[in-house]
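Below, chain A partners chain B and then partners chain C, in two separate complexes.
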Partner chain A sequence: MSIDTAPTVSATALDATSGATTRRDIAHRLLMTLGPILVALVIAGCILLAVGVDPLAYYGFVLEKGLFSPLGIQQTLTRMAPLLFLAAGLIVAFRAGMWNLGGDGQFLLGAVTAAASAPMFVQVMPAWLALVCSFLIAMVVAMIWSLVPALLRAYQGVNEIITTLMMTFLGTSLANVLVKLAFRDPNTTVPQTRTLPVEDRLPRLFETTITSGLLLGLAAIVIVHLVMTRTAFGLKLRIVGANPRAAVHSGLGVPGLTVAVFAISAGLAGLAGAVDIIGVQGNVRADWNPAYGLAVIPAVFLARMNGFAAIGFVFLLSVLSIGGESAARRLGVPNHFTLVLVSIVLIVLALAEYFDHRYNQSRRA
Partner chain B sequence: MTGLFSEVFLSALLFGAVTAAIPLLLAGLGEQISEKAGVLNIGIEGMMLAGAYLGFVGAFYSGSLWLGFLTGAVGGAAVALVMALLCVRIGLNQIVIGIALTLGLEGLTALLHHFQFSRSYPRLPAAEATVIPLLSDIPVIGPAFFKHHLIVYLAVALVFGMSYLYRRTQLGLNLQAAGDKPAALDVAGIDVVRTRTIAVLTTGALAGLGGAYLANVGAGLFIPFITNGAGFLGIVLAMLARGRPIWVLFGALLFGVCLSLTTAMQVAGINIPTDIIQMLPFLAVMIMLVLFGRRASLPAALGIPYERGAR
Partner chain C sequence: MSGFSSSSVAGRDIVALEGVTKRFPGIVANDSVDLSIRPGEVHVLLGENGAGKSTLIGMLSGLQQPDEGRILVDGKPTPITSPRHALALGIGTVFQHMMLVPTLTVAENLLLGGPWWQRPRTEELAARVAEITGMLGITVKLQAKVSELSLGEQQQVEILRAMLRNSRLLILDESTSMLTPKGIDELGALMRRLVEQGLAIVFITHKLKEAAAFGDRISVLKLGRKVGEIPPERFRTLGEQEIVSEIVELMFGKQKDDPEAVERPVRTARAGTAPLLQVADLAVAPTDNAPGLSSISFDIRPGEILGIAGIDGNGQKQLAEALAGQRTAAGGSIRLDGAAIETLSVGERRRRGLRYLTDDRLGEGTVGTFPVSINFFLKQVGAAPFWRNGVEKRAEIDKRAAQLVREYDVRTPSLKTPVARLSGGNIQKVLLARELAEGAQVVIFNKPTYGLDLANTLASRQRIRDTAARGLAVLLISTDLEELLGLCDRIAVIADGALVGTVENVDDARTKVGRLMIGLAA
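Here is the complex of A and B:
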């Protein structure tokens, strides 16, 4: 697992102070990110042509609605908030070599507990305290949910891919049961939780519709990045990830660290659910499952578990999904096309990285 | 309550369980062969969807279910070919590519369905059952297990075929070695990349066949996201089975009963959210893991691309 701390996306800011070599490096990295995305857009465009849609019109729409229109960019930035929390959780788990594939279950349980607790709390305490409490409860519930896979992996060596996948199926169903039976709003016909009034939700930034959850998400991922790269605790986790047996021999308490990793990773996924509910949605409808986790996992890999690069990829994902949703409504291309586009972008990026690596190796040799 | 436990109800329940179990069985057997050879195939959900879509298209336009199964298997294998090229031949990250393939096929099949079938939602006629003489006359069990489409019996036979492959053939040993100690296999003069490619393509074909069964026999039509996590269940089954095909069969039947129970409860008008019943198989497995959890015997080189001479 490469431990690579060079920033990819936010690197342009460093331009003025760095020398010529780093500038070439930055240009190279930008090229290696934007080039593949362009290639992916061309390939996806061919699919659009095949089904009889003008690709230029489609992409124009995606860019306009996802990036350049004031409303679109605000929606994009709002969508980033939960994705950033999920990405932060995955970075911790993956750097420590643990496959937490249960993000969606943890996310939904966090969302449901936040949705259930926030409207109750705002009646008995100041709004800011109510939100903090809901966030904490969502985090704790998601942490508890990850305890079984964590303990099984830590003390029994049961593979966490199976257990987290199963817990995510269980969690999705449990979230539905909770919405339908326990936390159902008696005043609506559709099963959903009680709606948090708009004025009690997370404040919006300045005069926009962007949720302040975006700042929380950015803070979370930057903190996670710094903890993983700059602290002793992060180094311990990375040693566990790079070589668990070496970690045991160097005297690290691997089982305890394993449980800690799962708790942090799941807690962040729970916070992702809470930030989506308390910041944006206001309630959870039955059978609501945005399945963010599945798209965030490959993005985190492509960012090489680097927090700053992950911010860039999460931004890209958000632009594509918000723009795609608008384009779907206008051009009659179903929303599902976004999935195809994201998938092609991921594959081409992975290929580009491979060929770049090969090229560098052959030049060095 | 008498109606609930009548013979008819029970055999319908078990019949549904078998129908629900077959796609899981095929996916699980498929995933198993990839995992044995050291490839963690997360793209299996996408392969099933490709199989379901192409299988339905094949059966719908040709009028032949068997041709549908064939196109489904070919569709799954085609997706697997992409996976084999990217993850086995050039060694890209299996999880990234697997998830990307699943996302892409989810989108692509839904897109094609939208432009092709979303106005008419055509259905296939009910699949013709092969009735096994004598056995099918047993009360309850007969109609439940011995009145299925021929492919169901073939799928069950495949379980034993796979056991034979793993235990008694050279290819089976090669597959095992490709997952446990690929370098040793290479030294023995056998191409690791080729062995793993065979495994991944077989996975694709089986997953595609499972998808085609799901669409053509199970549902009789294709709808977007029809697999609904069946591929991921296949991964769970393969990992729980620890390399033994017969355990995939038992696991698939357990999940099949629970899936079938969900529908049966709705038909019987029992007012429990289906989500609770859907949780049962996972709960059962988790409890089993907590009670008897031991180290899963996964292949040592699972998920690690093979590169000759590395280290």
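Here is the complex of A and C:
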């Protein structure tokens, strides 16, 4: 009946590309992604000009520091490790239609527990086992932290966007308190946890400073992608995300799956914290909060929750943040200009998407 | 009203379509369609699901552009570029789904779309509404909230809105599908008065009787082509029955007196066998927006079809959901083949052979964005051979899906097509294939032909008959009494969440069920 033919028809028009030649499709996708990024760079350049900074110099520093200098690229790749774990966690949650925005709280709690447990464990057991145990503890703590929003959402239908955001404030404060009161290193004046000796941290790759956490992060995001697209469990989560009523109708245990989604998502965020501490930082200072969790969200959206695309966007984000930090130091631009740049990229991409959509519709209509 | 006077030149086309063709991937939605729309005429556009009615409307209302052919407005070729442009040309569309803001009053809804920098001109509106409603003989409560109006009243508001914008051509898309029989008659009378004012109306329906009762001219679409037209001169000379049989001839190419006429059910129920489904004292607590159920009891034997008759909204959906396990029962027992299942989960009940064919095909029956192939197995996610060790076996899924597509005659461009893009009838076939496939013992059909066109309705009814003939127990919930009388062995009547009586489907069943439905003893 034409109840559904009306949307049917317009929807068919939208999708006309997806069935057609895939190569043109990919080329189109690339153009639609890279074009707006270039436009965004120009706009951000104008802003730099307006504040009296040479944009070419700024971008030059960003590229040099983030991408082309040997040290810079190593830092960029190292930075990717925690970001990849966070992105993997977000992909699980977003594909299941659950907006876990509490990544930062889960990340920090994972980081603090890893920082507290790793130096203790290395004294009593082999280093590799100690690191595995720290990872597990970080993961479990972050999972427990997600239980409140998960149970509220699963059994009371409370909006998880609000609860996870609130829990992230509590989580960052709790992490701070734990560092100052429970896990404080008595030998330092600044409040921080005991430092994991460099030789006990995750090994570096070859002769570089790149952490092997990068490989763990890549593995995590690829596994998550395959689980979400190729397995029954992933399909169940996607059904819950795409049509929760159909999930109930199909006999899926929606509350249980909801809790599982939060646990996996938060667990990966906790692992992100652990990989950053055990691989790179070695300890947690009380005021440390890199806010990676929120920074990764745009990258995951831009990648349309596709794991492989997310790797690319996370790389871009790392280049920008590593390069942006040093360019900021050299040129006196505020450090947060990176965020301005990222947000301009996002806005331009969204606009491009919108116009592309309009163009497709008018051409096919 | 300027809109009326300019269009009162009778006999000339307001809008004409010449050889209009529209293609979508995999289908030709309209294939060189000619159509002439004249003032003072109700032009009925009749066709099955997917015949191309909605595409045609989309092009007339500016949502889509034809690939070939042209549209003439007042005799001049005019591309209708946008809905706004269509309105400016005097083409107003009342879509099937209400496009009013339920929390606002009627007056506020009618004032929407005015210039934002001006105060809403309420007095002017009231005067114009009074003028139009007086002319049409309808009353519209301007201060009432839209959510308080019945669907029929909301539709009048939509028609009024189109009139306020000086429409000379009014397109009514499946306007009767949501209305009560009384509302349908009122709409018919209103359309008559509108065309008497010199308007042109395009009335889209798939119900033959409405077409014969309300139309002046009928165009029949089939698979995107216009297969026939009954012009007004001929229309007037034919009786209603002759018109219906001529349309059926055009639509299906086979002669039938009344296509919905029902055959006597084949009695397959074996009186001696033990019941497959036994429900005793089933109760469900009422919720804010749904009535509860109280002491529902019935048995269904293998091969038997039990009908549930009743006016919509008396607990039918709650009954189906409680049986399927989607709604918690407050008490009572459900036995499937002797074993109690009332505490089992939805999935476990399905595994034991209880199948629920929902009436909400897109809302809960399918995941619209997922491909057809996956939707066949939505209730079997993780089951072998389609998943092994939790890993999807795409080849197995596609093989079985292709088989089901053939077996159940699902018309889909491909297995990968998102299921929401299929027509309602084809979505229903996907659901039928899913629920009736191996392992079914008891099948609950909830309004299985609701919103389907004739061919799909007949096909679905045949599936229900075949299901019972295979020895399954069938519970058929329907608001269509003819359907129940045509299919069921017994008919129970539900009112206010309780079964008020059960009638054997023999000669005087119609009167007995009718009496029960209006609250009299059978």
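Quick notes on this one:
FYI, the second predicted complex is superposed on the first by the 344 of 365 C-alpha atoms of A that agree within 3 Å, B and C clash if a C-alpha of one lies under 4 Å from a C-alpha of the other, contacts with A are read in each partner's own complex, and residues count from 1 in each chain.
Going forward, a contact is a pair of C-beta atoms (placed from the backbone, for glycine too) under 8 Å apart; a residue touches a chain by one contact, two chains touch by 3 or more.
These numbers were taken from a predicted model, which means no experiment stands behind them.
In the overlay built on the shared chain, the residue A:303 is in contact with neither chain B nor chain C.
Once the two complexes are overlaid on the shared chain, A:336 sits against chain B while remaining clear of chain C. Once the two complexes are laid over each other on the shared chain, residue contacts for A:248 go to chain C alone; chain B is not touched.
Comparing chain B with chain C, more residues of chain A are touched by B.
Once chain A of one complex is fitted onto chain A of the other, the partner contacts of A:169 are limited to chain B, with no touch recorded for chain C.
When the two complexes are overlaid on their common chain A, residue A:295 makes contact with chain B while staying clear of chain C.
Of the two partner chains placed around the shared chain by superposition, chain B is the only one that A:181 touches, whereas chain C remains out of contact. Contacts of A:320 after superposition: neither chain B nor chain C is touched. Once the two complexes are laid over each other on the shared chain, residue contacts for A:230 go to chain C alone; chain B is not touched.
Residues common to the contacts of chain A with chain B and with chain C across the two structures: none.
Within the complex formed with chain A, the chain B residues making contact are 40, 86, 90-93, 95-97, 99-108, 110-112, 114-115, 224, 229, 232-233, 235-236, 239-240, 273, 275-276, 278-279, 282-283, 285-286, 289-290, 293-296, 298. On chain A, the positions that touch chain B within their shared complex are 47, 51-52, 99, 148, 152, 156-159, 161-163, 165-167, 169-170, 173-174, 176-177, 180-181, 294-295, 297-298, 301-302, 333-334, 336-344, 346-347, 350-351, 354. On the chain C side of its complex with chain A, the touching residues are 24-26, 29, 49-50, 53-55, 57-58, 63-65, 95-97, 173-174, 177, 204, 206, 324-326, 345-350, 356, 358, 360, 362-370, 374, 378-379, 381-382, 387, 390-392, 414, 416, 418, 420-425, 427, 451-453. Only residues 1-13, 15-16, 19, 230-233, 235-236, 238-239, 242-243, 245-246, 248-253, 365 of chain A touch chain C when the two sit together in their complex.
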